[in-house]
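Structures are listed in the sections that come next.
Next come two complexes, and both contain chain A; in the first it sits with chain B, in the second with chain C.
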Partner chain A sequence: MALGLRIYVVVFFAYLFLPLLVMAAATFNDSRFPTVTPWNGTTLKWFGELAADSRMWQALTNSAIVAIGVLCLAVPIGIATALFLNTVQSRAKPFLYALILSPLLTPGVIIGISTLIFWRQLGVGGGIFLTVLGQATFIAAYVMLMVTARLQRFDRTMERAALDLGASQWQMFRRILLPYLKPAILSAAVIAFLQSFENYNTSLFVVGYDTTLTVYIASKVRTGLTPAVNALGLILILVTVLLAVAYEVKRRREAVRVVSV
Partner chain B sequence: MEDGSVRLEKVVMRFGDFTAIDTTTLEIGSGEFFSFLGPSGCGKTTLLNMISGFLVPSEGRVLIGGEPMGGVSVNRRPTAMIFQNLALFPLMTVFENIEFGLEVRGVDRKARREASERLLALVALEGSGPKRISELSGGQKQRVAIARALAVEPRVLLLDEPLSALDLKLRQHMRAELKAIQRKTGITFIYITHDQGEALTMSDRVAVMSAGRIQQVADPVTLYRSPATGFVAAFVGENNRLETTLIERQGERVRLDGCALGELAGRVAATSGLHRGDRAALYIRPEHLRPVDEGESGPTLAATLEAVHFEGAWVVLEARLEASGELLRVQLGHEISRQYTDTLVAGRRMIFGYDPDDAVVLPEDGGPRVDEATGEVVEAGDV
Partner chain C sequence: MFRQLAARFGGPLAMAILGLLGIWLIVMVTLPQLQMIDYSLRPNLLPAQRGGPEDGWTLTNYTTLFANDIHRAIFFKTLWSSVLVTLLTLGVSYPLAWYLAKVATPRQAALCILLLIIPFWINEILRTYSWFIILAFRGPLNEVLMMLGLIDRPIRFLSGDAGVMVGMVYAYILFMVFPVYNAIESLDDNQVRAARDLGAGTVRTHRRIVIPHAKPGIATGCIMTFMLAAGSYAVPALLGSPGSRWFTQIIYNWFFEGGNWNQGAAYAFLLLVLCIGFMSLVMKVFKVGLGDFAK
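Entry: the complex of A and B
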């Protein structure tokens, strides 16, 4: 590997991970503020403080409820949209495609504000319900993109063969198409969950009193940040890395099984 | 046995301005092995899709077992298709593939398994049921596709060039096997192919198609011996085509003026509308020409050898006709070519003769003769 490329890779990973390392280190600093300088001594007390923060736990619960709600709403909508767009042959197709993708291109703030304004007219105020709706508008577009990518590689003669053998459209979908799409749907579900969990700018306007985790952390910035937030960040990072590693191990085992067959 | 006859009544298929199938009427008997033979783009797959229900004809109707199929969707027709790429379900086992059609019909697990075991035995794949599709060889996949289609007990089995992906040896083996399965089951087989070898060896009858029209429907021997149109003569087997004018006709025998080639002779169909003075094309197959001595009675063609291709069981000669400059292809069997072993060289002058019974004479620009009222092809010898 050329020296320039090596340096580039080192700098690139430093850029990615140094802030995380600093953040993680600050968790263990016995300081009132999240910082590594000066180092006032090593402590685990911020984990205890975090565990005792009941508002944080409530926010975490809210985030999880919202994320599951978004998952349940955005995944079916995304699949249905992908299937629909796949069958559309008319000239309106690029237009429909752009229409469905537009929430992805719209700033999250605007989605949040417009969701709030629209539902206010109908007498619905901010809260978990609106947060789910607001986030699902653009997360469904992610799901659609991922399902479409796999759907485009689907051999349509499978569909014809299933129908020819007597299957109804529904039976064909359930027995042939859905198993084929399964990997893409699972990935889309994970992405949808994470997208929802980490969302801030749309949620900010529609959460009402049901503060989500991101909104809660942001509010702490104003009221005074303690290393307890770093402790939370560290736990989230570790959980994410563990899940990613577990997924990769499972995937490799399956790959080995397919090859050995 | 249920009635597996298929009838196309004045069927037309148009895609926009393009007519894929021109008015076609055809009857396929129950239990028949029937092939559609033609080059790609001739409309044979379109016909198959109309029978299976994937396409609805623009005009006319399709009947299966005497019942009109209008409004009967793909999944309710008594047909099953074997696709060109087989379209086996890759995420399912062999068992699940074969049982799919029964599963969607609500047949219980035990009966399904019995049926698939029986079919696996029929296609000589006992014990392969639990395997994944990716574990099978090309020929085995072929058999699973056949078993899967037969599982739904179709009255008509539609085969869309199913052997085209196999190598030559396997293809020839599968021909025999398909024919055997057809005999054993008594199901109507409708077979699509551009490979005349497949069509001729397996079929009871063959429909030769070109540009959305059926050119001729006949049994393989008739198709080969008595092509009804210039297209069939050129497409099925090989033929030398010579342009002539008809001098005299006596029943099926005709004398022809080959212009510079002198007087020639050939055979016309009893129903042929050719008369004295008409322009006519004479078709002689390479294997029907043989070297003769100068002065031999009967029609002869003098030519100069240009190339000699040794093909093992036979020798193919390319010879330039002295009188007209046209290229003549001659195929000599082992026995004859041996007599000339050392003297078959380019530049040698040879005289070829043939039996007029082997030479077919057709109108010069003859297409298929179609009855305008019914859309049916009028076959030689029909009237």
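Entry: the complex of A and C
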């Protein structure tokens, strides 16, 4: 039984990583079409081709602008919502809570579509601005969840102590609450940035002509596919792995610090 | 609500909090959805005709789906395939979640979770694209199967729904693993030991002890996976063929090829209703509330 389970776990991780390894390997195959069979010889030329692709650079720039925009919008909204839920007691709260969670349970395409329709009525067409709004709509809910998780463990006597010692409410927020929330806010910002960067379903409807990187990759796969797409994928994977490991190491260090205090 | 916020944070900050929340919930969440529903109930008119005698609420855009055999078939196929994807994903994820929560040592579990997070952070397009390479007509999977002598000639994996479903299970698996893992982890080990001591076998222990305890996690995982599968555009676009279209692709075509946004809005709303319907059903069957989600 235990052995069977262990074999299953190994197979599971092979299933998780083999496709990514195949994709990575195909980057180095000297073949016009991305594949690993047959192997036509090893080459690095697809990286050069990728670097020379000006539309890719434009898409990358758009993605970065959108992600920063989402960060500026979704993080404050998420924090405000977490503070709201933590403070307010009201009969309307269950309804508000359902409304707050609803963007997480709505398919991304529908968020994109409703954003597109709503802003067209106001004369705004698809582009970077709508992409930021559409993505921030659901990313704000992720930020809220992460900030709420930490806020729930906040000891409110600290707050009262600060006020008793003569701090204004603003000073209490600025000097006590915000520093306490900082780790959660930073994590939420990293997640928000990544969520935005890798979003496809919502962006698809609202990007207009400001193609983002994921939309560009998808269009490349369907028209004009070469292993340059793999080179891009490989670079993105490496950056992601580095970020994931750095994030995890940082999180564990913090966990250790909390324990040792 | 303002008074409670102002009592804790002071007037200006309370105003900022309510302002941000209001902009989000009203301008970004509610109004666009209402506008979409309004759009779906109006005929597709030329700009000059808007506000004219033909501009009124009608259900024509909804009846289109039931009048069009192909669209109706694709709608129901999307529903059943998404249910199947959800069940397959649950089946594949459950043993792993159990292993992580109760069998692995803390060190092993931490390593596995790190390994799980990595693909989770790689975007859906790339994860799907990797299967595009594997399943290609002259791709590695066909090569391996031929080498093993299991098939005589390559199979066209990318021309049916099977390829799409394989890609979806792969793309959304972690949305199932994590909630189920979190739920199982909170189960007291003594309960499992007690069940064993009292003579329950593996199957019985899971059916009577672990699964009932993990219900909120299973429900969350199923709802997320179904929503992602039914609302997926990337996976069917990359791994499907014209013969295996997904409902989202029909919606997309109404917007960007058919140029009939009203019709597209109606289809989009039907997709939303489908997801809400599935969610309500799962919450009812598993007897969980919305509060169980945020965990």
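Here is the rule we go by: the second predicted complex is superposed on the first by the 245 of 261 C-alpha atoms of A that agree within 3 Å, B and C clash if a C-alpha of one lies under 4 Å from a C-alpha of the other, contacts with A are read in each partner's own complex, and residues count from 1 in each chain.
Operating definition for what follows: a contact is a pair of C-beta atoms (placed from the backbone, for glycine too) under 8 Å apart; a residue touches a chain by one contact, two chains touch by 3 or more.
Quick caveat, the model's predicted, so the values are computed rather than measured.
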Partners on chain A (chain B, chain C) - clash or fit: fit
Partner chain in contact with A:20 - chain B first, chain C second, else both or neither: second
Touch count on chain A, higher of chain B and chain C: C
Touching partner for A:168 - first (chain B), second (chain C), both, neither: both
Touched partner set for A:223, first chain B, second chain C, both or neither: neither
Touching partner for A:152 - first (chain B), second (chain C), both, neither: neither
Partner chain(s) touched by A:77 [first = chain B, second = chain C, both, neither]: second
Which superposed partner A:160 touches (first chain B, second chain C, both, neither): first
Cα-centre angle that chain B and chain C span when viewed from chain A, reported as a multiple of 10 degrees: 100
Which of chain B and chain C A:180 touches, first, second, both or neither: first
Contacts of A:54 with chain B and chain C, given as first, second, both or neither: neither
Closest approach of chain C to chain B (Cα atoms, Å): 10
Residues on chain A lying within both footprints (that of chain B and that of chain C): 168
Complex contact set, residues of chain A against chain C: 1-2, 5-6, 8-9, 12-13, 15-17, 19-20, 22-23, 26, 34-37, 76-77, 80-81, 83-84, 87-90, 92, 94, 96-111, 113-121, 133, 136-137, 140, 145, 148, 159, 168-170, 173, 194, 197-201, 204-205, 214, 217-218, 221-222, 229-230, 233, 236-237, 240-241, 243-245, 248
Chain A-touching residues of chain C, taken from the complex the two chains share: 1, 4-5, 8-10, 12-13, 16-21, 23-25, 28-33, 35-36, 39, 92, 95-96, 98-99, 103, 112, 114-119, 121-127, 129-134, 136, 138-140, 143, 170, 173, 202, 223-224, 227-228, 230-234, 237-238, 248, 251-252, 255, 261, 264-265, 268, 271-272, 275-276, 279, 290-291, 293-294
In the complex, chain A residues that touch chain B: 155, 157-158, 160-168, 171, 175-176, 179-180, 261
Complex interface listing, chain B residues touching chain A: 52, 54, 73-76, 79-81, 83, 85, 87-89, 91, 100-101, 103-105, 132, 134-135, 148-149, 151-152
